[in-house]
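Labels for the chains are A, B, C, D, E and F, by order of writing; each one numbers its residues from 1.
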Amino acid sequence: MTRGSEFDPPAAAVAAVVEAALAEDLLPMGDITASLVPPAAAAATRLVARAPGVLAGTLAAATAYGQLDPSVSIDWRLGDGATLEAGSVIATLCGPLRSVVTGERTALNLLCHLSGVATATRRLVEAVEAANPACRVRDTRKTTPGLRALEKAAVRAGGGVNHRANLSEGILLKDNHLGGVGIAEAVAQARRRWPGRHVEVECDHLGQAMEAVEAKADMVMFDNMTPAQVGEAVLAVRRAPGGDRVLIEVSGGVSLETAPAYAAAGVDFVSVGAITHSAPILDIGLDLG
Amino acid sequence: MTRGSEFDPPAAAVAAVVEAALAEDLLPMGDITASLVPPAAAAATRLVARAPGVLAGTLAAATAYGQLDPSVSIDWRLGDGATLEAGSVIATLCGPLRSVVTGERTALNLLCHLSGVATATRRLVEAVEAANPACRVRDTRKTTPGLRALEKAAVRAGGGVNHRANLSEGILLKDNHLGGVGIAEAVAQARRRWPGRHVEVECDHLGQAMEAVEAKADMVMFDNMTPAQVGEAVLAVRRAPGGDRVLIEVSGGVSLETAPAYAAAGVDFVSVGAITHSAPILDIGLDLG
Amino acid sequence: MTRGSEFDPPAAAVAAVVEAALAEDLLPMGDITASLVPPAAAAATRLVARAPGVLAGTLAAATAYGQLDPSVSIDWRLGDGATLEAGSVIATLCGPLRSVVTGERTALNLLCHLSGVATATRRLVEAVEAANPACRVRDTRKTTPGLRALEKAAVRAGGGVNHRANLSEGILLKDNHLGGVGIAEAVAQARRRWPGRHVEVECDHLGQAMEAVEAKADMVMFDNMTPAQVGEAVLAVRRAPGGDRVLIEVSGGVSLETAPAYAAAGVDFVSVGAITHSAPILDIGLDLG
Amino acid sequence: MTRGSEFDPPAAAVAAVVEAALAEDLLPMGDITASLVPPAAAAATRLVARAPGVLAGTLAAATAYGQLDPSVSIDWRLGDGATLEAGSVIATLCGPLRSVVTGERTALNLLCHLSGVATATRRLVEAVEAANPACRVRDTRKTTPGLRALEKAAVRAGGGVNHRANLSEGILLKDNHLGGVGIAEAVAQARRRWPGRHVEVECDHLGQAMEAVEAKADMVMFDNMTPAQVGEAVLAVRRAPGGDRVLIEVSGGVSLETAPAYAAAGVDFVSVGAITHSAPILDIGLDLG
Amino acid sequence: MTRGSEFDPPAAAVAAVVEAALAEDLLPMGDITASLVPPAAAAATRLVARAPGVLAGTLAAATAYGQLDPSVSIDWRLGDGATLEAGSVIATLCGPLRSVVTGERTALNLLCHLSGVATATRRLVEAVEAANPACRVRDTRKTTPGLRALEKAAVRAGGGVNHRANLSEGILLKDNHLGGVGIAEAVAQARRRWPGRHVEVECDHLGQAMEAVEAKADMVMFDNMTPAQVGEAVLAVRRAPGGDRVLIEVSGGVSLETAPAYAAAGVDFVSVGAITHSAPILDIGLDLG
Amino acid sequence: MTRGSEFDPPAAAVAAVVEAALAEDLLPMGDITASLVPPAAAAATRLVARAPGVLAGTLAAATAYGQLDPSVSIDWRLGDGATLEAGSVIATLCGPLRSVVTGERTALNLLCHLSGVATATRRLVEAVEAANPACRVRDTRKTTPGLRALEKAAVRAGGGVNHRANLSEGILLKDNHLGGVGIAEAVAQARRRWPGRHVEVECDHLGQAMEAVEAKADMVMFDNMTPAQVGEAVLAVRRAPGGDRVLIEVSGGVSLETAPAYAAAGVDFVSVGAITHSAPILDIGLDLG
C-alpha cells in the first residue's frame, strides 16, 4: 500500500499520538509478560476484521509497530476507506513474537477506534445520500482530546467531509459572540479583521438566517430546529437575493435516525458530533498463525 | 470541592492531555471568532448535565480553563462520581467571555467523554451487582490512545475497579506467551523473574484453569466461554486444592446484557472493554446566563 | 495593561517560543556573570524605544520574565500596536538585579524582532492606504521558522491582516497543483473535498484569472505581474459575471516602493513576505535607572 | 555532500527547529491543497539562488524534507559557505510531487533566512578585512529566538566567528554587574569562582579599559565609542604592561558603513548584531522542472 | 548481539535519557574541539573494561551513538549481564573520528554507571546466595532521578529482581498510611479498591507482621530489625496459619556486610537501595586503535 | 531561604529533571497506596540529616513538591552548601499527608544524591586545601546522564569549581584530536576558529606541556602521571617563558588518597570524576512528626 493517501493525517500528528500510547502501555519496565517469551521466537499473524465496517487508522497502526520495533514488517492488504466484512484480512504481520504481542493492544486500540469512526460516518453518509444525494456529512470539533487530526482523517475515510479543524481557521458566529452587536455588523467585522476566512453564522430561527444572508455570510448553520422548520428556512434562504451562494448546514442533535429528514429538507451539510465522540469501536483482531 | 480525590488521575497526566487538546483547537492563531468579542466582556455560566449519568473528568475540565486563562474561576458543585440528572448543575464559571467561549469545547470534550465512561461503568456495575453483589466490574487496556490514566480514573468514578494499568505492572499469560511451555512452567518462571507481581492466566477452558490453580496463579481469566461453562468452571476451581485463594475473572465479549449471567456464575470480576472504548459521551453543556 | 488583546498570539505558542529562547541562552549553567552580582541587589529599569516604530511582542517579553523569575514585576505603559517615538517608555520593570539582567537579552530579542515586523507592516500599510484606502496589506507563510504565530500577531499589530496561517486551513492552487487538470476542475474538486475552505487561485496572467472567476474561486492572486498588467486584469475580473464577488490579491516581489502602484491598480490585498522575513529589528533597550 | 562540516549546527538543534516549523505549517490537517494532487505524481526540481550571496542552512533544509518524507532525495551541489550567483543551482530534488510542494516553504524559509545571515556576514567580513586583514567579525547574542545555534553556524559559513553562545559559557562584565565593586575586584572574583572561563570587560572609555588590562582580563569590549576614540584606546592598551595579551573588541552600533573604520583602528574583533537580527533573506527558489 | 533481551529497558525510556544526555553535552554549538578534526578522519576503537564487573547499559550506549551519528557502527562482543575482567573487550566501534570522540563521554557515562549498578548487584547477589541460595536481592525506588527504568534493568543484569517500579503498580503500606486504621482494615481496603495488586506491609516488629499475615497480605517487609530479630520473626510468620504463602522481605540499612546474615535468617528477599543510589561506576574506556 | 543563590542550577534544568522523576514514580495511576489515606489528613514533617555532610539540591526538592502539590509548604532552615551533622534539621514541611508521602521519595532521591555529590566534593576540597591552599578541586564531564547542571551546582555547594559544562564551551585538545598535526598548529587553529574560548591541552608527559606553553595554551592538563612527575613538570612549566600565565591541572585517577600529593606538587587544579559519578548518597530522611 502506498502511504500518503488523502485519508492519512500528517505523520507528525500520528507519531505524537503513537508515542503517547506506547508510553502509557509500556513504561517504565516494558512488557514483563513478553519478557518470558524466548527472544528468538517469531510470529506470522493477520489483522482480521471481526465485524463489517470501514477501515481507518492504518498509518497509526503501522506507526505503532514502526516505533516499537522496525523489524516487524506489515503487508497491508487494504487501506483506509476500504469496506470490511467480518473476516476480511486487513494485513499480515511478521516479526519477533515478543514485539508482535507487545504492540498488539496499541495498534488495535488505534485501528479499532478510528475504524469505528469511519464506520459510523459511512452509515450516516449512506442514510443521508439516500435522502438527498447532494447532501454531505460533516464532522464537528466534538472530537476525542488529542485525536482530532486522526479522527477527522477517519471521517474522510468514511466518506464525510471535515468542518473547520480548529478555532483558528474559520469564523463561526454564535449568539455568545454577538453581544449587543447585530449579525450584519459582526459579519462585516469578521470580513474586515479576518479576510479570506470562511464566515458561518449559527441561526436558531429563520430571521437570523435572513440577516446572515443579507450580511453575505458564506454559510448558515441551523441549530436545534425540526426538519420541517429547516425545510421552510432553506426555501426562504434560497429565494433571498444572494441566497443561492450561501451554503446551509444543519447541526445539533442530528442522529442516524433524523439525518435523512434533514437532508431531504435540502441542506448542503448535516454535521454530527456522534460520529467522532460516540462511535463504538469496530472490532478488529490479531490472529496468530 | 477538594482536589486530590481517589478519582483524580495524576495531575501530570491530565496536564499533558489538556495541553495537547488545547493545542489542537487553538494553534496557531487562537480563537479568531472570539477575537471579535470585546476583551472586557464577562460571562457567568453554568455547566449543566443534559442527560442522567455519572460525573467524571472535573480535574481535566478545571485544568483546561486553568491552562487557558487562570482568571476564569470555577465553582464546582459536584465532583467525580456524583450522580447526575438532566438539569443537574455541575459547576458555575465566571470570567472573561472570550476565554469562557474559547475553552468551552475543550473542557466539554473532556468532561463529556469521561462522564460517558463513568456512566457506562455505573450501568454495568448496577447490572452486575444486582446479579451478584460480590462481583466487581473491571476495565481493560482497551482504552482510547493517550487517555488511559483519565479513563481508568473515570471507571473508578463509575464504581468499577482497574485492571493492570499497563504491560509493565502485572503478568497476564496467554496462549501466545506459552509457546511450547506448559502453564506450570510459565507461572513458575514469572514468579522467579518477576516476584511480587500479580500473575493471571487466560484460560479458554476448564483444563487450563485447573493447571493454573495448581501452578498457584493469583487469578484465572475465562475468555470467550458461555455463562454456563463459566459457572461449571468456577465450581471446579473453588473445589480444587488452593482454589479458594484464586480470583476468577471473565472477559471477552461481555456486554451489559450478558454480564449479569456471568456475574451470577460466581466470578469475582467481569472485565469489559466497551466501558472505555465504546462508551457514548454523556451530554453536558455550558449555559451562558 | 490587559492581556488578551487581538494582537496577542495564543499563550501556549508564546510559552513554547520563550522556553526555547531561555534554554538556548541559559543552559546548562545559568548566567555565570550574573552569579557575581549580590543576590539581594534590586533593579528598577525601563524598556525604552530607541527609534520610532510600532510596538509588538509585549506578551512574549512578559512571558520571558514570567518564566525566568515571577518576582520581576512589569508595569506596561504601552501595548501591542502602539506608535513609538525614540525615547518612548514602554514599560517599567522592578525586581532582583540578577534576574533583570539575565532575562534582558531574551526579552529584548523577542520585543525588537516582533516590533520590527510590526513597524515594517505599518510602513507598508501607510504607503498602500495612501494609494488606495480600501487596499489591505497581508502577510505570507514566509515567516521565521518557529515564530509564525508571533509574527502574524505582530503583522496585525502593525495594521496588516493575516493570510492563511498554514497549509491546513485554506486552498491556494498553483500551477504545480494543477497537473494536467484545468482550473475549473481543480476548484470544483477543492469545493467537493474541502467544502467551507477559502479557495484562491494563483494566476500568472489574465486568462487564468478569468478561468478562476468562472470556476467561482473566492480569490485570485496575481503573481509577478506589473502594476499596469494588474490594473487591466482587475478591470477585466470586475466586469466578468460574478467577478464582483471575487477578492483580488497581488503578490510576488511587491516592495515598499512598488506596493502603492499595485494598490492603486485596484486590488483588495497586497501580500508581502518581506514584512516577516526581512524586517530589521526595532531598537528597544533596557535602561537601568 | 558530506554532512558534518564545521558549518553544521548540532543535528539535535536542527531537528527541533524543523519539527516546530513543520508543525506550524502542517498541523492539524496537513497540506489540503496538495491532497488534490494525484498521489503518484512525481517531481524533479532544483533549488536555485535568485540573487548573489552565501549559502547556509543546507542541513536544515535537508532535515525538513527528511522529517516530512524520507523518499524525497536531495542531491546537494553546493554546501554551506559556498558563494552563490543569481542562477546558481544549489541542489536537485526528486520525489513525490505532493511531498515536494508541501515541504517547499519550510525548507526555503530555513534556507533563505540562514543564507541571508551568511550573506550579511560575508559582506561585513569583506569590508572589515579590506580595512584590516587581522580583524575578525563576531556575532552577538542578539539572535532570533529559537534559532541561535543555526544562526551562529550561518555566521561561520559567512566567514565570521562566534562570540559566546550563551550566558553560561563566558564572563562578560558590564557596568550593571559591577555595582559598587571595581573592575579589579570583579575580574578577580570571576577568576576565583569560574576559573577556565574567558573574562571580558565592557568599557565605555579608556580608563575602564586600563583597569581591565591591569586586572588581567582576557578581552576588553569598547562599546559606543567613535573609531577615533577606539584608535587611541587601542594604542594605549597595547602599550600598557600585559596589554599585548589582551584581545580588543568593538561593539555597539557598528554597521557595514562604520565597520571598516573600527577595523582600521586596530581592534581584533568587531561584533555586529545586525548580521543575525536584521539580515534580509537571500532569495532562493524551488524550480519545478 | 540481538537486542530485546530481558535486560533491555524499553527503547522509548532509553531514547529519552540519551536525548537529554547528548543535549547537555553538545548544545548549543556542538563539540567545538572535534570541529578541528578533519571531517574525513576515521576511527576504529574498542570499548574495554578497565576493572572486573558486570556489563549493563549496552542499549543505552548503542542509542547514544545511534542518535549522534548512525554511521558509527558498533560490533558488540558482550551483552548485558556478561562478566567482565579488566581488559575484556566489550565492543568495537568504527566510524568518523569526529563522531566517535564526540559521543565517547555520553556513551561511557551511561555504560559505566549502569555497569556499576549491575556490578554492585552481582556482588550482593553472590554474598546473599552463599548464605541462602533461595534468597533474592531486590532493588528499591531509591534510584537516580530520571534513570529508574535503566537502573532497574541493570539490577536484573546483575542478577537481582525488581521491586515495584513505581507508586502506581503495587501497594506498600507503612505506618504513615495507616493513620488510626489497623493493618487488617488497611489491607482489606487495598484489596477492595485495588484488586489484583500485590499488597505488602512494612513491619517494625513481629506483632505487625502477625497482623499482616492474618490480614492475608502478600508480603511483609521487616524494616530496621537485626538479623536475629528477623530470624525469630521469620519462624513465627512461617508457623502462623497461611504464613507459608506470605513472602518475607527485609529492608532498611542492609549492606554488603550485613546482607548474608539477613539472608541466613530465612527471608525471601533482601532489598538494598545502595545498589542503585550509591554504586560507584565500573571503569570502562574507549581505546583508539 | 532566598532562592537564586550561586548554588542553584537554572530553574528550567531543575524543572525538567523533576518532571521526569515524578513521571517515573507516579504514572500512570498515581500513588495507589496514598489513595487509601483520608484526603483531609494533614502532615507536619521534618527533613533531617542522618549523617554528617554538605547539603545540596534544595531547589530540586522544593521543585518536586511544588510540581506535585503547591499546597505543601516548606520552611527551609538550611541552604545548599550548609554543613550538616547527623540530626540537623534541614526543613519543615506541612501539607496534605497524601501529597507529603507521595512526593517523599522523589524529593529525597534528589536531595540525597546531590548532597552526596556536595559531601564528596567537600571532603576532597578539605584534603587538597590542607596540602596546598591555592589548589582547587574541579569536576569533570563524567556526570550522571541528565543531571549535569544539578551535579555541577552541587560541586559548587561543596566548594569545588566547575570545569567546562559541555563540549560546546571550551577547547580541550587530546591526542585523538591532533592527528598528524602538532600541538602548536592545533592551538593556533583553535584560536583562529574559536577565539574567546579557553584552550587547554591534555599532556601525558613534560614534552607535550612545554609545547603547549610555547603555543600559548591557557591551561595544561597532566593526565595519568605520578605526583613526582607532576611536581617536576610544574617546575619546568613555571620556568618556561610565559609559563607563569598557564594554569595547570591534574586529572586521571586522582582519588581522595592521592589528591593531596598532587596538590602539593603545585598544580592549580585537581579534577576528579568520582565526586560526580561515584559519590554515595548522603542519608537524609523525612520524619513524620
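To be clear about the criterion, a residue touches a chain if its C-beta (ideal position, glycine included) is under 8 Å from a C-beta of that chain, and two chains touch if they have at least 3 such contacts.
These numbers were taken from a predicted model, which means no experiment stands behind them.
Hopping across touching chains, the smallest step count from chain A to chain C is 1. The chain with its CA mean position farthest from that of chain D is B. Although chain B and chain F share one sequence, what matters here is the overlap of their interface residues, and that overlap falls short of half of the numbers used. Matched by residue number, over half of the contacts between the chains of B-C recur in the interface of B-F, chosen from A-B, A-C or B-F.
Farthest from chain C in terms of Cα centroid separation is E.
For this pair, chain D with chain E, the centres built from the Cα atoms lie 45 Å apart. In terms of their C-alpha centroids, the spacing between chain B and chain D amounts to 52 Å. Separation between the centroids of chain C and chain D, computed from CA atoms only, is 23 Å.
Counting only residues that touch two or more partner chains, chain E has 6, 24, 26-30, 35, 148-149, 162, 165-166, 168-170, 193-194, 197.
Chain contacts in this assembly form a complete graph, since each chain touches every other chain. Those residues of chain B that touch chain E in the shared complex are 6, 136, 138, 161-165, 168-170, 193-198, 200, 218-219, 245, 247, 268-269.
Here chain F touches chain C in the complex through residues 2, 4-6, 8-13, 148-149, 152, 162, 165-166, going by the rule given at the top. Residue ranges of chain A in contact with chain E, taken from their complex: 19, 22-23, 26-30, 35, 39-40, 67-69, 96, 98-99.
Residue ranges on chain E touching chain F, taken from their complex, read 16-18, 20-21, 24-38, 41, 43, 60, 97, 101-102, 105-106, 108-110, 112-113, 116, 141-149, 166-174, 176-177, 179, 186, 189-190, 193-194, 197, 274, 277-278, 280-281, 288. By the touch criterion stated above, chain A contacts chain F in their complex at residues 24, 27-28.
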